[in-house]
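Each structure below appears as structure tokens.
Heads up, the next two complexes both have chain A, just with different partners, chain B and then chain C.
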Partner chain A sequence: MSKINLNKISHSYNPNDPNPTYALNPFSMVWEDGKRYAILGPSGCGKTTMLNIVSGLVRPSSGKILFDEKDVTDLKTESRNIAQVFQFPVIYSTMTVYDNLAFPLRCRNFSQEIVEERVNSVAETLNLKSFLKLPARKLTADQKQLISLGRGLVREDVAAVLMDEPLTVIDPDLKFKLRRNLKEINEKYKTTLVYVTHDQNEAMTFADNIIVMSEGEVVQTGTPKELFERPKTTFVGYFIGSPAMNLFESETSSNNSVKINDTLIKTSTDLSKLKNNKVKLGIRSEFIKIAENQKENVISVDVEKVEDLGNYKLLTAKMGNLTIKSKINRETEVSSEKVNLYIPPEKCCVYEDEKLI
Partner chain B sequence: MGKLYTFLKYFFITVWTVFVVAPFLWALTTSFKDFNSVNGGVTYIPWVDFEPNLEGWRVLIKSPAQGGVDIVEPYFNSLFVTCTASLVSIILGTLSAYALSRYTFKAGPIKNNDITFFFISQRIMPPIVLSIPFFLFLGAVNLLDSLFGLIVVYIVLLMPIAVWIMVDFFNKVPREIDETALIDGCNPYQAFYKVVLPNSIPGLIVAGMFCIIFGWIDFFFAFILTFTEVQLLPVKIVALNSSITPWWSLSASALVSVAPLIVVAFIVERYLSKGNLSGAIK
Partner chain C sequence: MNFKHKYVFLFPGLFVLIGILIFPIIFVVRLSLSGWNSYNGLNFIGLENYIRLFTDDPRFWESFIRLSFLSVTTVTLQYVIGFALAHMVWKEIKFQRFFRVLFLIPMMTTPVIMTVIWRTFFHESLGPVNDLLQIFDVAPKWLTDPTLAKITVIIVEVWQWTPFMFLLLLAGLLSLPKEPFLAAAIDGASPIRKFIYVTFPLMAPISIGAIIIRLIEASKIMDTVYVLTSGGPGTSTETSSFYIFIKGLREFQMGYAASMSFTYLIIMIISLTVIAKVLTKLLLKD
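== the complex of A and B ==
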């Protein structure tokens, strides 16, 4: 277990080209010992490259990786003491389940007793106890993935366990249970867990800290609450949350208010220093409330549809050419034509050039 | 429709089986015949049509002085050359194939695929093109007419087959397997022989089978590169044909010469039927 420091890391798959394209733009980041991190982003944004750099499968084009102040940038994968679980189950198909789980320990010359004890304890956690003697290739895909996970968790002294969308092939019921198991393992052994996913729910429920990436760039790092309430870019606002954040093209009109389709919306952001008056206003559908009467920050909209999604109702409405989505309480009766919506100023995020002001 | 299809299927399978098996059957019965039963018209059923005897087979192990043809020495020569050359080819070929599959090589415009193709191109070339260089080369190092010289030549001929099959096979073994092994604490060599190689046994068996077959049946180079000291089985059998060896001994020697291939075929078939050749990964 160690603190992982990624110092000005960047990576290009064609570094010798005159115009290299970067899979990962330069960034710096520290992963604290014993915490849970999720790397979240759409496919092809550099998540896996980042993991492979940490595990040593890929050497970064520039920058340094420090494990507890020790420079491991040029250290080979096998000497780094890291565990990694891939998206698809990787098993040693010629070995039994027991040998699969014991492999990382045996490679590092642990004694027979320790191997036995650790393998049994991991098998217990992952419900693999009854399969230990079977050849690994006879198991189903999700059981195989459990073996992969088990191999990642079997060593207690790893610097970190890196997981690359490990629960993709596992069915939802077990997924939920495993995510909780992983949390328990993290709390019990204080293992640093890094979890790559493109599923925001998974990231939100699992991690202490979420790293949002887009096109090779680390866009925002923060707790789930920070990401949800104060997305640093419109991308994060759009990517996190379901439905995505409402974003409106607007113009600044005073020091703290913006104008959308001639309606003035007050915000808690200081807009006096902006050079450009074109901004975007972002507001989560969760924060928009139905208002009884006209007052400040209340807009009148035409209801387009109301969907009952079980635990809440999703209201889709139009204001001129803008679409607004609002999550409302299931019990609330909504008129089918006109409705007034209140936009709380303290929940408004204002973006200039797609970045939060 | 269904019935007709089944009928046609079995019909063609039967015809094909007869076509393939008949020569063997002919050779097998002939090998147990004597002069009278070979020349006395078409006969097939032993003890009914003709009285079987072992003379044809005995001749194979008798020395020429005793009136035999003695194929024992060429037989073991062939076995030794084929097995040694196949083994070396498989080892070298597997290592090269792994390197070609996993690492990037670059020398000017030459890349991995070109190197792989270079290996295969050795087999695309007509063998006769290689005969003069091989002859001169072996002559220069004094290895003409020797087992070692033949082994060297056969390695050159068999290794491309091993490389070709194994590159293809390793490309199908996901890289994540190697990477996982590295993460689990193996060095690259351990990752190769502890994890990748056991996963590649089906490929190794196929490659080994091809090497053994191509090594065993080669007549051309064995014929050109040996004279009197060393003789391989195919050359010996062809030589029997041109001498006055009787039909029954010729049949027996032909059967003995295909025997190892039949054994190989049975082993591989057993392996195939266990379903081990597919689904080794994932």
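== the complex of A and C ==
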């Protein structure tokens, strides 16, 4: 296990072109030992490229990768001590589950006793103990995926286990179980886990730290809470959270307030240093409440629809040409025409040129 | 709705099917129960031909055993060599495209003509093969020694048809998913382990298909034998199809040849079904 340092890494699939296009723009990042990371972003944003660079399947066009200060940029996958789980389960179909799990150890000439001990311990954690003697091909897709994961875990020396959307083929209820399983494994073995996904729920429930990517760029790195409450760009605000963050075109009106359709909204952001008075106001639908007796930051909206989504009601309303979404308590009765909404200033995020101020 | 007009649309297909498949088979069965000559026409003689075949014609059964030996040997060799060549040009190597085309050339040539050329090569006194072997002071009787003649037939067959195996297996290799190989690399598997546990199992279904196709083709072996040795020396390279050809179209024992053909067809259907089953069990283990 080791600390992984990505130093000014970038990658282009056509580096010799006079105008190379970058699948991954230059970035630097450190992955601490034993933590859980999720790389989150829409399809084609460079998540898998980043993962493949770490595992050594792709050599970055520039930059260095250090595992505990050791430069591994030019090392091949097999000498990097990395484990990778792919989107579709990869098993050795002619072998039993036991032999599958033992394979990485046998390839490295470990003694029979160590193999047996490690395999049994990993099989126990992954609940594969009762299948050890069965041919691996007879197992279900999720059990096969566990085998792929298990092959990564049997080696004590792995720097990190990289997972490329590993739960795609797995049923939703099992997904939940497996994610919990992964967390337990992380706590038990203190293995660094890196998880690539485009599903924000997966990322939020799994990781200590989430790396949000968009179009080859690392947009924000942070804990789920940070990403949710203070998205650094409008993209993150839009991409994370369901429904997406409410974003309103607005103008600054004083040092800390903005104007949306002639309504003044106070924020807790200092807006005095802005060059431009066009900004975007972002607020999560979770934080917008129905106004009770507040005097400030109250907007009057026309209710468009109210959907009961089980654990909450989703209110969709219009203010002029703006659409506002708010999550409200199920028990709250909502008028079907006009309603006043309260926007708490401390929850407002103001964006200039799509970036958080 | 009245669907009677469907027969109009079915007719062209059915017509061809009946014309080239169903009628010939029925006719062969009828013919096998007859003697057929220009004087008596098609005279029914019951099972007489079959009784003769099963009790009084060891030559047919010998030729069948010879055929089994030749086709199993050639197909096995073709599979091994074809797989090796396909594996070689599957990886990124220099002149990959050149080799891919080069290995296909034998298949593009006309078998009969190539066999004539091979016959010239192996000619015992005039051929270049023995000319070269003179250096070692040997002059094998490629076409007149019973054992060597079989080997010569095998060499020519393997040369001619390995490219076909190569083509099927290369297509198979190119269609394999990447992940298992990446996973094996990450697990630290050596090239041999990678082949045994990843490449070969993944190629099993396509291998079975390729072997069966080649076995069917190989058991029809005729032109090579005809041109190279004419079944000789003696009957040492005579295969079923060649023997049937001699009986039917040289000696004009049409009824008897038909009974042999029909017996041969039944044996082939049964044995190929069994072989396919066994291969599936062996390679896919399901």
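In the analysis below, the second predicted complex is superposed on the first by the 355 of 357 C-alpha atoms of A that agree within 3 Å, B and C clash if a C-alpha of one lies under 4 Å from a C-alpha of the other, contacts with A are read in each partner's own complex, and residues count from 1 in each chain.
Here, a contact is a pair of C-beta atoms (placed from the backbone, for glycine too) under 8 Å apart; a residue touches a chain by one contact, two chains touch by 3 or more.
Quick caveat, the model's predicted, so the values are computed rather than measured.
On the shared subunit chain A, the superposed partners chain B and chain C overlap sterically. Touch criterion met: A:Arg108 reaches chain B and chain C at once.
Using the contact criterion defined above for the overlaid structures, shared-chain residue A:Ser55 touches chain B and also reaches chain C. When the two complexes are overlaid on their common chain A, residue A:Tyr92 makes contact with chain B and with chain C alike. In the superposed model, A:Tyr13 makes contact with neither chain B nor chain C.
When the two complexes are laid over each other on chain A, chain A has residues 55, 57, 76-78, 82-84, 86, 88, 90, 92-95, 103-104, 107-108, 137, 148, 151 in contact with both chain B and chain C. The touching residues of chain C, when paired with chain A in their complex, are 177, 179-180, 182-183, 185-190, 193, 197-198, 201-202, 285-286. Of all the residues in chain B, the ones that touch chain A in their complex are 174, 176-177, 179-187, 190, 195, 198-199, 201, 279-282. Residue ranges on chain A touching chain C, taken from their complex, read 55, 57, 76-78, 82-84, 86-88, 90, 92-95, 103-104, 107-108, 135, 137, 148, 151-152.
On the chain A side of its complex with chain B, the touching residues are 55-57, 76-78, 81-84, 86, 88-90, 92-95, 103-104, 107-108, 137, 141, 144, 148, 151.
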